[in-house]
Structure formats: C-alpha cells, structure tokens
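In what follows, chain A forms one complex with chain B and a second complex with chain C.
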Partner chain A sequence: MTTVALAGHRPRPLVSWRVRKLVVGYSYLVPAALCMLATVVVPIGMAIKMSLYHDVLYKPQDYRFIGLGNYVRLVQDPVFWLTLWNSVVWVFGSVLLQFLAGFAAALLLQQAFRGRALVRTLTLLPWIIPGVVVGLIWEWLYQPNYGVINDLLLKAGWMHDRVAWLSSADLAMPAVIFTNIWRGIPFFAIMLLAGLQAIPGELYEAAHVDGAGVLGRFWHITLPLLRPIIVVATATRIIWTFNYADLIFVMTGGGPANATQITSTYTLMQAYSNLDFGYAGALSVVLLLVMLAFTAAYLRVTRGVEEVG
Partner chain B sequence: MKRRRPAAELAERLLGGPVLWAGLIALTAFALAPFIWMLLTSLKSREELYATPLAYLPVHPTFENYVDAWTSPVTPFSRFFLNSLWVCSVTMVATTAISVLAGYAIARFRFAGRDALLLVFLATQMFPSVLLIAPLLTQWRALGLIDTYQALIYSNFSFTVPFTVWMMVGYFSSIPRDLEESAMIDGCNHFGALCRVVLPLAAPGIAATAIFAFVVSWSELLFAISFTTETSMRTLSAGLLYMVGQYEVQWGPLSAGVVLSTVPVAILFTFLQRHLIHGLTAGAVKG
Partner chain C sequence: MYERGSLSRRRLLHTLAGTGIVAAADLGWWDAPLIAPRRAWGAEPVRFQWSVPEPTRIALMNSLVERFNQSQKDFVVQIEYVPQAQARQKLISAISAGSPPDLCQVWDNWVGQFQGMGAVEDISALAKAWKHYGDVEATAWQTVTIDNKIVSLPLALTLDGIFYRTDRLKELGLKEPTPEWTWDEFLAIAKAFTKADRNQYGYGMRGGGTWAVLYPTEFAYANGATVLRDGKLAINSREAVDALAWYLDLALKHKVTPPSAATDGFVEIVETFGRGVTSMYQHNSGSVGQQKKNIGAEKFATLPVPIGPAKTRASFWFSETLTVLSRGRNKQGAWQFMSFMLDDEPSLMYCKTLGLLPARKSIISQPEFSKDPALVGFVQSFPIGIVSPYLAYPGWGGKIDSDGVPLMQQAILGKLSPKECLDRFAEVLKKEMT
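On to the complex of A and B.
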C-alpha cells in the first residue's frame, strides 16, 4: 500500500547516485587490478618468500625454511659482487653513450630537410625490434671468421689478426655495450627531439639578434630548457638497462667466465638454468631494493628540478 | 663582437649544410647497416655465406634460406610464427579491453586509492622481469599451465597492462567531459556513454595502445623460454634462440628467421610511430 502513497514522488534510489558511480568506477578497475595482482603483486610476494627457503626445483626433498641463508650465501658469493660491478659498467657505459649519440641524433633530426619523416622512421628501427633479434644480428656481425666487423677492420688495416669479440674476457663487455648503444640511441633521440620541439623558436631568434653564436645558444637555451626531460629520460633508461637481461643472455650468456654477467642475467641464470629458486629469489629482492633506492633518489632529484624550473 | 661575425656565420652555414648532411648520413647508415647485412646474409647460398674472402653481395640471390627456415621439421618457423601471432593477438585484444576500462575509471572517477593505484602501475613498469620468472613458473606449474598459450598471455599482462593503462589515462583525460555528461542526461548509462561517445573519440589512441601491446609481446623472450618446454609451443623469439641451441649455428636459415621476425613489427611500428612517441613523451615533457 505504501507504494501507492509514494507514487507521486520520484522513488529514492536504493543506493545513492554517488555510491553507484563509485561502484561503477571500481568495477572498471577490477580486470586491471586482478591482472596486476596475479602477474606482479603475488609473484613478488612469492619471490620474497622463496628467498627464505632452500628451494631448488629438482631437489624437492631438500625444500625447507632457511631464514636468511640465501642472503648469507649471496654476501659471500664473489660472483654476485662481480655482477654488481659489471652492472655498473654496463649501465653507465650504455646510458652515457646512448645519451650523447641520441642527443646528437635529436639535434640532427630536428632540422628541416627533405625526407625527414622517412629518416626518422628508419633511425628508430633498432629500438623496436625484439632483443633476441638484436643479439643475433650482432653475434653474426662479431663472428670471428665470417663476421663483417673483423673483415672491415682487417681491410682497413686497423687490426692484424681476427678477434673473437664475444669470447674474449676483455672485449666481450665492450662488444655487448656497443650493441646496446646501437639499440638505445633511438630512445634518447625520441625523447630529446620531443623536448627540442617544445622550445619556442623565438628564444633562438632573440638570442641570434643579440649576437649569440651556435654554441652560446646551445649552452644558454637548449641545455637548460631540456634539463627536466634529460633527467627523466636518463633515469628511466638507467633503471631499464639495469634490469635488462635479454641482450647479454642471447649474446654471451654472461660469459666468458662471467665477464659479462650482470646482476639481472645472474638472477635469470639461477632461476632458468640452475632452477635454484631460493637463491634467485634472494637476488630478485636485491634487484628490487637497488631499483627502489634508485627511484627514491631520482624522485628527490626531479622534485629539485621542478622547484628550479 | 663585429669582428667575430664572419667566423660565426661561416660556422652556422657549415652546421646547416655539410655537417648536417654528413651527420644524417652517418646516423642512418649506423642504424641500418646491421639490418642490411642480415638481409644480404639471408639471400646468400651456403657457399657464399662461408666464403673466404668474405663475399659482400650475394652473387646468386636465393630464397632457399627462407624456405628452409619456414619448413624445417626441427625448428618449424611457420609454427613459431603462428604461435607468436596468436599469443600477441590475444594479448593485444585483452590488454586493450582491460586498459580502456581501467584508464577510463582513473581518468574520470575520483576515488580513494587512485593515486596509489597510478603509482603501482608506474612502478611496475620499472620492475625487472627476471624477478617474475621463478614465481610465475611455480604459479603456472601449480595451475598446470606449462606449455599453454594462456601462461604466456597472462605473463605478458605483467608488462603490457601497466604501460597501456598510463597511455589510456592520458588519452581519456584529453577528451572533454561535457560530451559524456550530455549523453548521460539524454539517458545513457556510464557504460553506454563510454561506448558511444568516448571510445570513438579515443579511437586513434586505442589503436596505438593495441599496436604497442602487440609489438612488446612480440619481443618477449624470457617468459617464452621459461614457461614452454615443447618445440611446438615456442614463439618466434624463443624459436630463434632454440635454432642457435641446435648443434652448429646455421646462419643461413637463422638470418632468414631474423628477417621474418623483424618485418611485422617494423611495418606496425611505422603506423604507430607518431602516436607512440606522443604517448611516451607527453608525461616527460610536462614533468
């Protein structure tokens, strides 16, 4: 009977409009949240748990809790410390030269010339092809007997003997870093090109009228205005390169004698080849901590940049 | 000042002319030479490939390497190709649907934990994928998903979804709210307004997101080698590595395989380029 009495009014919804909107919003998020939960959050938790166990896949009878045992092993493992140092060499060698060459490429690609769109697309190619493809292409270029690099260097007279680039303890690291530079130049070129295009042209014209030369304009206009994007691009790249394992895994597998073993490939080897999930878990936690420390430092630096800019 | 002028002008003329052209040629040559060498290699016969002195150009170009790679019973490239196509297509469609919904919710609704969620999506992009291998392998083994497409597709979400959600938030934020609000006053519910008003406007962005998801899953290697054991389940990346692992490296068929793996992503990328670059740099330029 009450319904009749209320018929004249607009019925008050059972759940208010605001709550309904909230429910709809959350329901849109459910699939993405589930994905992240199943493929990232839970696995990270599992990795942390694994790091506290003796967990070797083909020795299930030995599976037991060992507390910080894997971490103690890690601190005493000379290969681990070597991989940390190799990671530093790998990251800084790669990123510094990628940045310099990418900056030069961005300055070139910013100029107006015929066929600019085509040149841009072509120069970006190394960046989008699969890592395993990059690794194999360069393995073939570096090949001691049939590789074109040895052949060209011999013909130019810069070398007298064929060099086994990837199986020499001294040359393997520079060789993989060079490949990574080839691959990473386009990333910096894209980022810095976008930054260059955001700089108003009037600034350069005004400086030109005031008599500033090419170098002066670069130093006083281009560099300061690009600083925020340089910081962001470099930081992203440092983290990404530190984590990146595909290229070294394909080209050298960390060898010869761990000369190119970086921390991420070492973790991969422990999980993939040795099936030692406990130790791989401990290494993962270290990778994670290094990443977090770097991100925290980076956030402090960028906050500084924003305040200055 | 006056005396320095001619020298400065000469420097500028040089930089705009010869230096620019020399730089561009060097840049393009450096980027392309390795590809060209691989292409030439794939067209050589076995004798030319291992000739001394090195033969730079194939005298009798042949497609036998491509035929070998494609039909080989040991390393069936046609199978690898189809596996990759299937895994990447499903990843692409699912990732796009998931990130359209999540991106729209984050761009349009204010709710508790919104910033925290955005931060999770950003932080995950920075996580090393080697960290996920052991736990995911344990997880897929427990679920009996080893040697299935599902395991590869689900694992791909770990790196596609965080990035595409960010891209979608950017696209949706740039679409004015008034349009959906008027659609909702006209009687559409939220989902209707999303499908009929917002999606058509965001179509270019959504297409870019989809292609991005396809391209990055095409490159995926570590999950593919860890979660499959049978040759018939390998993707292109894993299959290429498997070809290297087989006895002596056969550079002829391998180079053909490398070319075949490069072409699809290179074509997709030329379509995607402008959108992807916009998506990648938008945040960075502002920050």
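On to the complex of A and C.
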C-alpha cells in the first residue's frame, strides 16, 4: 500500500504579488518624487505662504499675516496690468515669429546644398550664446550714438536721423522682441528639422505621383506629421519666454517708463529692489496660475486639432 | 631585490617625514615664516564680500588683503568678489538665510535697508575710540550714522560734479567756465557743444538707474527746493517742479542731450563722453580714471554743479562703506581689517588708484587729490556737499529704482509733465515714511 502525501495548504502570502509588484514599481519612483517635492512643490508652497504675508525684508517688525492683502494690492496696481499686457505682447510676438522663421529655416536646411553641415552648425550659434551676452551684444548694436545698426541704416540712406531704439517707448518692445526672435529661431529650426527628417520620403514620392504640388505636399504631409513637435515646441517656448527675464533685464531694465516691463522682471524688481518678498510672492503665484491656465487651454485646443487632423 | 627595493622606499619616506617634522618645528619658531603667518588655533577667517570686480579693483584689493594677512597672525581675511549688479541681492539672500559674510563693501544708500533688517552691527563705540575718528569728514560720518548709531566706516567718498571737454571749449573759442558758473552759463555751453548733425551733444543726461532721479534732485536744490522740509515731504514743491521743468527742457526743448537720454545709465553717459558724442556729463569722481584713459587727462576737467536761480546749489554725498554684519562670526577681525583699510597708506593707494576721494581730511589734502584738474571740481564741491536726502528712510532706496526711475523716464520722453512726475513720486515716497 502506498501512501500519498498530499501537499499541505500553501499559506497565502501576506501581500499579494500584484501589490508587491506595484510597491516595487512605485519605490523606483520615490527618489525622483522626493527630488520633485523638494525642488518644485516645496518652493511653490513657500511662495504661496510668502504671498499671504506682509514680508518686506527691511521691516522685519512689520512681518504679519495679511491674507489676500497682496493680491488685492496687485489687482489695484496699474503697473501689474501693464506688465501682464507687455508679457502677452512679448511672448506671442516673440514665439510666433520665432516659429515662422524657424520653420522656414528648417525647410531650407532640409534641402541638399553644398556646405549644409556648416550652415546647420552656424544656425545654432544664437541659441548657444548665453542670454545675458546676447542682451549685451544687441544693446550695443542698438546704441543710437555709436551702434552698428544706426550707422548702417544711415550709410545706406534708409534713415536720416539716429533712432534711439531702446529709449523710445514705442520702439523698445519691438527691438527686444526682434532680439529674442533672433535668439529663438535656432530652437524651432532644429526641432522642426529633426521632425522633417523623420518623415518618410516615400510619402512625398507617392503624393508627387498622385499629382500633389509643393503646397499640397506641405499642407497634407509635412504639417500634419510635424504637428506633435510643433505643439510641444511652441508650448515649451511660450512657457520659457513668459518666464525669461534675462534679455529685457540686460537690455532695458524694463524701461523706458515700464514700456518693456514684463511680469517676471517686475517680480524680480519687487523682490530685489524693493525687498518686498510678500508682493513678489503674490506676483509669482499669479504668474504660475496664468501659465497653468494657458498650458491647459493650449493642450486642450491642440489635442482637439490633432483629433480633427 | 624586491625586499631591498621596498626597504629603500620606506627609508626614503621616513627620511622625508622626519625632515618635514623638523622643518615644521623649526618654522614654528620663526617670527616671519616664509610660507604664511601662523594663525591662532581655531580662529575664524573674516569673510569679506566685495563688489565691482573689475581688473584694477581686483588687483588692488588682492594686494591690500594680502598685505593685511601678512601683517598679523590671528586670522585671515578671505575676499569674495561678486558682480556689482548682484552684490545687494547676494547679501540679502545671505542675510535671510542666516549666514552673511563678516564684512561687506556696500554704498551707504543700501545700508539703511540692511539696518532696518537688523543685519548690521553698531560700531559706534569702536569708531569713536578709533585713532582716526576726528580726521574723518563730519559729513562722511553722517552718511553712515543711522538712528544715532555708526554702522559703517566710510572708505571713500563721492560727490557729484560736472565733467566737461576742455579741448572742445578751445575749438569753439569759448571761455573756460569758473567754479561759480550758473544754470544760464551751463545751458549756453551745452548749446554751443551741440551739433546734432555731427552726433555731438552738450550734456549726457542720465535716464537709467538710481541717479536718473538724484541728478535732477541736485538741480532742484539749486532752485531752493528740498526733498524734506521740517520732516514733511516737499519733493513736489513749486521750486522742485520748476527746476525739473528746466532740467527736462535740456532734452525736450533745447535738445542738447543724445536721443537715448531716457535710458542712458552709467555706462552710456561715461562712454558717450569718452567717444566724443557728449561734451559734458554729471557724475562723481569714480569715472575720472576711465576718462583719463579714454580721452586723456589734458582734454577734460571737472567743476561743481552750477549755481541755480536761488543762488545756491548742492551736491549729494555718498560713501562707499565697509560694514560689519551682526551675524558674522569674526566681528572683531572684521573691525581690525576695516580700520586697516583706512590707515594712511591703504587709504591713499585705494582712492588714488580708483580716482575716489578719501574720507580722511589729512589724506584728501594731499596733492594727488587737491591739485589734479580732473578731481578739483569734486574737491571744490566739499562745501556744498550734503548727505543725500534719499537716505532718510530705508524704503526709499528701492522705490527710487522701481518707481522713481520709470516716472523720470516718462518725463524725459515728454509723456508726463514735471508736476505729474513729482506728484506721483511724492505719493510713492510718502507711503515709505515710516
């Protein structure tokens, strides 16, 4: 007689393999999450807290909770509204023209011609130079008394009087936007060139055989296939430009008479010139909310466009 | 072989270590060791923040710090150079974070804010017991005294004056102006210098930075105006408005200023003069050295600011200070170093090299300062020197930049009348009078 030993009932593990897998998975994320918490979430929290206090560094005895006091002041501050409008002009003026010129440059650089590699490298130059240096270079180029731009325009006979590009309330903003366009073209050119190179050549050949012209191929092949890159690149660039204070800070310091003062330079001035960290905190929070609202709206609209496409 | 080789290395190491110990023991008995002076065990270094790091200043400061470090054995001074534009921000951040340097170099217009933050040390007792206390100009002490407490040592002084091109005057056959010149003479010379078709202008007006507000205020004092009268704000008085109108007319009516005046800051007014675009500008002695290099010492001179309709005038006095931070770790060392910087030789070398005016009377009377035509205008300005009225309230320093400068720029561009400009500026300043 043989006895068969039946396998004992295997005890059920305390934590199921599915949960363990999840825990292990999430534990890999912990270092990154902690870094994000320390460098993004905590500073945002501190900025929000700061914005609720009367926090002027040279008046430590006046430090107190004022609730939404800084936000009320902000709503009543005409310079804030001016800077918000200036920010819109600065961002959309810069990014739209950077995009158009960058797209044109990408299409040109996609063509085969002698010295293409060199031209592609040179195209990157404005992007490689640090923003502060770009600001200093262009400030000197625009200098009305001994700057190259006035000199060339006068010699060419296109101008009779010297123009104070950065000292005129009407010309200062277009002048700094032009500099920012010059600096930002390579960003779009390189991003879009990478996208163009990923489009299979067969698509163009097939469209050509079907009788599609240059514009038809651009409209029905190039543009739809580049759309994801265009969306990401423009959204990123808009956010960067909104927060980008270096160029204006160096070239005009927000002047003349706040004509080029954008919200980020105004925030910087409130914090480090007036030492009013409470008000600067409120400005930063509003800047954050504006950007969040814009990004959400932009992604929503572009997703819609993609679905339609 | 190996054994012999390893023994030999060991012996060599022993010999080297032994030699080092003997040498170190020997050095310890030296009064003036070759490597570096001995430091007291555990002595905290003096951390010293210094702005405006251009090559001449860096070389000069390195030499002075090295000289001081070699002169005593208790501690070392460690100098940290920061760009001028970031010096204040860096200091504010360090103070807020609770780890400021022991000593810093700042201009007196910011000391009030740091004092308001409770960040600077009261050095009244040390200063009054100091051997050179009586030799420092009384007005210089005023610039560093807040709430009856001396909070800094005035390392160097600045007074505003007018730079003018002597060679251009000769070319145009104009009479050399005297130190007692008036607004009318100033305007006549500015008009004579102006040849807009040749890109030449009479006066390099400053529209950018803090001094865009301070220069017209000095003109206002020449018209009998003051910033404060009996403790009340008087910056928008009739005299002040009239003076500003006259000043703005230099740009708007007489067009004796370059078209870029509304945003021209320190660099631009100095550069345009150096390149021959302007023939006069208002500044302190800090740009004398640069103009000597740009156009040559024989081609320019300086004068006090012109006398106004009220038969008076004023030049605002500023001090470049050495300030001890109250949360520094070696305040005694910081005091030792700052008082060394005002000793005869360091003070003379510092001010002579940089074209600044020393705070000590016995040094400023030396020919390097009193006989130099490029500096004589500033030395002659001492009797009309007053402490900048904008030092009265700590909050005013920041408001000049954030509100005063944009208002002044609007006025220079003709978008705001002189009265509107000063009324609005008065509103801003009034809020900070606490």
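Methods note: the second predicted complex is superposed on the first by the 258 of 309 C-alpha atoms of A that agree within 3 Å, B and C clash if a C-alpha of one lies under 4 Å from a C-alpha of the other, contacts with A are read in each partner's own complex, and residues count from 1 in each chain.
Note that in this section a residue touches a chain if its C-beta (ideal position, glycine included) is under 8 Å from a C-beta of that chain, and two chains touch if they have at least 3 such contacts.
Just so it is clear, the model here is predicted, and its values are computed rather than measured.
J.: Label the relationship between chain B and chain C on chain A in the superposed model as either fit or clash.
T.: clash
J.: After the superposition on A, what does A:A169 contact: first (chain B), second (chain C), both or neither?
T.: After superposition on chain A, A:A169 lies in contact with chain C alone.
J.: I'd like to know which partner A:V89 touches here: chain B for first, chain C for second, both or neither.
T.: A:V89 contacts neither chain B nor chain C.
J.: Of the two partner chains, chain B (first) and chain C (second), which one does A:V24 touch, if any: first, second, both, or neither?
T.: In the superposed model, A:V24 contacts chain B only, not chain C.
J.: Quick one: classify A:Y272 as touching chain B (first), chain C (second), both or neither.
T.: It touches chain B and chain C both.
J.: Once chain A of both complexes is superposed, is A:Y58 in touch with chain B (first), chain C (second), both, or neither?
T.: In the superposition, A:Y58 touches chain C alone.
J.: Check the residue A:I137 against both partner chains and state whether it touches chain B (first), chain C (second), both, or neither.
T.: first
J.: Who does A:Y146 touch here: chain B (first), chain C (second), both, or neither?
T.: Touch status of A:Y146: both partners.
J.: Counting touched residues of chain A, say whether chain B or chain C comes out ahead.
T.: Touching more of chain A: B.
J.: A:T252 contacts which: chain B (first), chain C (second), both, neither?
T.: The second partner, chain C, only.
J.: Pick the chain C stretch that clashes with chain B in the superposition, from 21-29, 39-47, 93-101 or 183-191.
T.: The stretch that clashes with chain B is 93-101.
J.: Share the list of chain A residues that count as touching for chain B in one structure and for chain C in the other.
T.: Residues 143, 145-146, 272, which sit in both footprints.
J.: Which part of chain C faces chain A closely enough to touch in the complex?
T.: 88-89, 92, 95-96, 112-114, 116-118, 199, 207-209, 258-265, 268, 271-272, 275, 277, 394-395, 398-399, 401-402, 405-407, 409-410, 412-413, 415-416, 434
J.: Across the complex, what residues on chain B touch chain A?
T.: Interface residues on chain B, with respect to chain A: 1, 4-5, 8, 11-12, 15-16, 20, 23-24, 27-28, 30-32, 34-35, 37-38, 41, 49-50, 52-54, 56, 97-99, 101-102, 104-106, 108-109, 111, 117, 120-121, 123-124, 126-139, 154-155, 157-158, 161-162, 165, 190-191, 215, 218-222, 225-226, 236-237, 240-241, 244, 251, 254-255, 258, 261-262, 265-266, 269-270, 273, 277, 280-281, 284-285, 287.
J.: Which of the residues in chain A end up touching chain B in this complex?
T.: 21-22, 24-26, 28-29, 31-33, 35-36, 38-40, 42-44, 46-47, 50, 104-105, 108, 111, 113, 119-126, 128-133, 136-138, 140-141, 143, 145-146, 148, 151, 182, 185-186, 190-191, 194-195, 198, 211, 213-214, 228-229, 232-233, 236, 239-240, 242-243, 245-246, 249-250, 264-265, 267-268, 271-272, 277, 280-281, 284, 287-288, 291, 295, 302, 306
J.: Would you pull the chain A residues touching chain C in the complex into a rising list?
T.: Of all residues in chain A, those touching chain C are 56-60, 143-146, 161-164, 166-169, 172, 252-258, 261, 269-270, 272-276.
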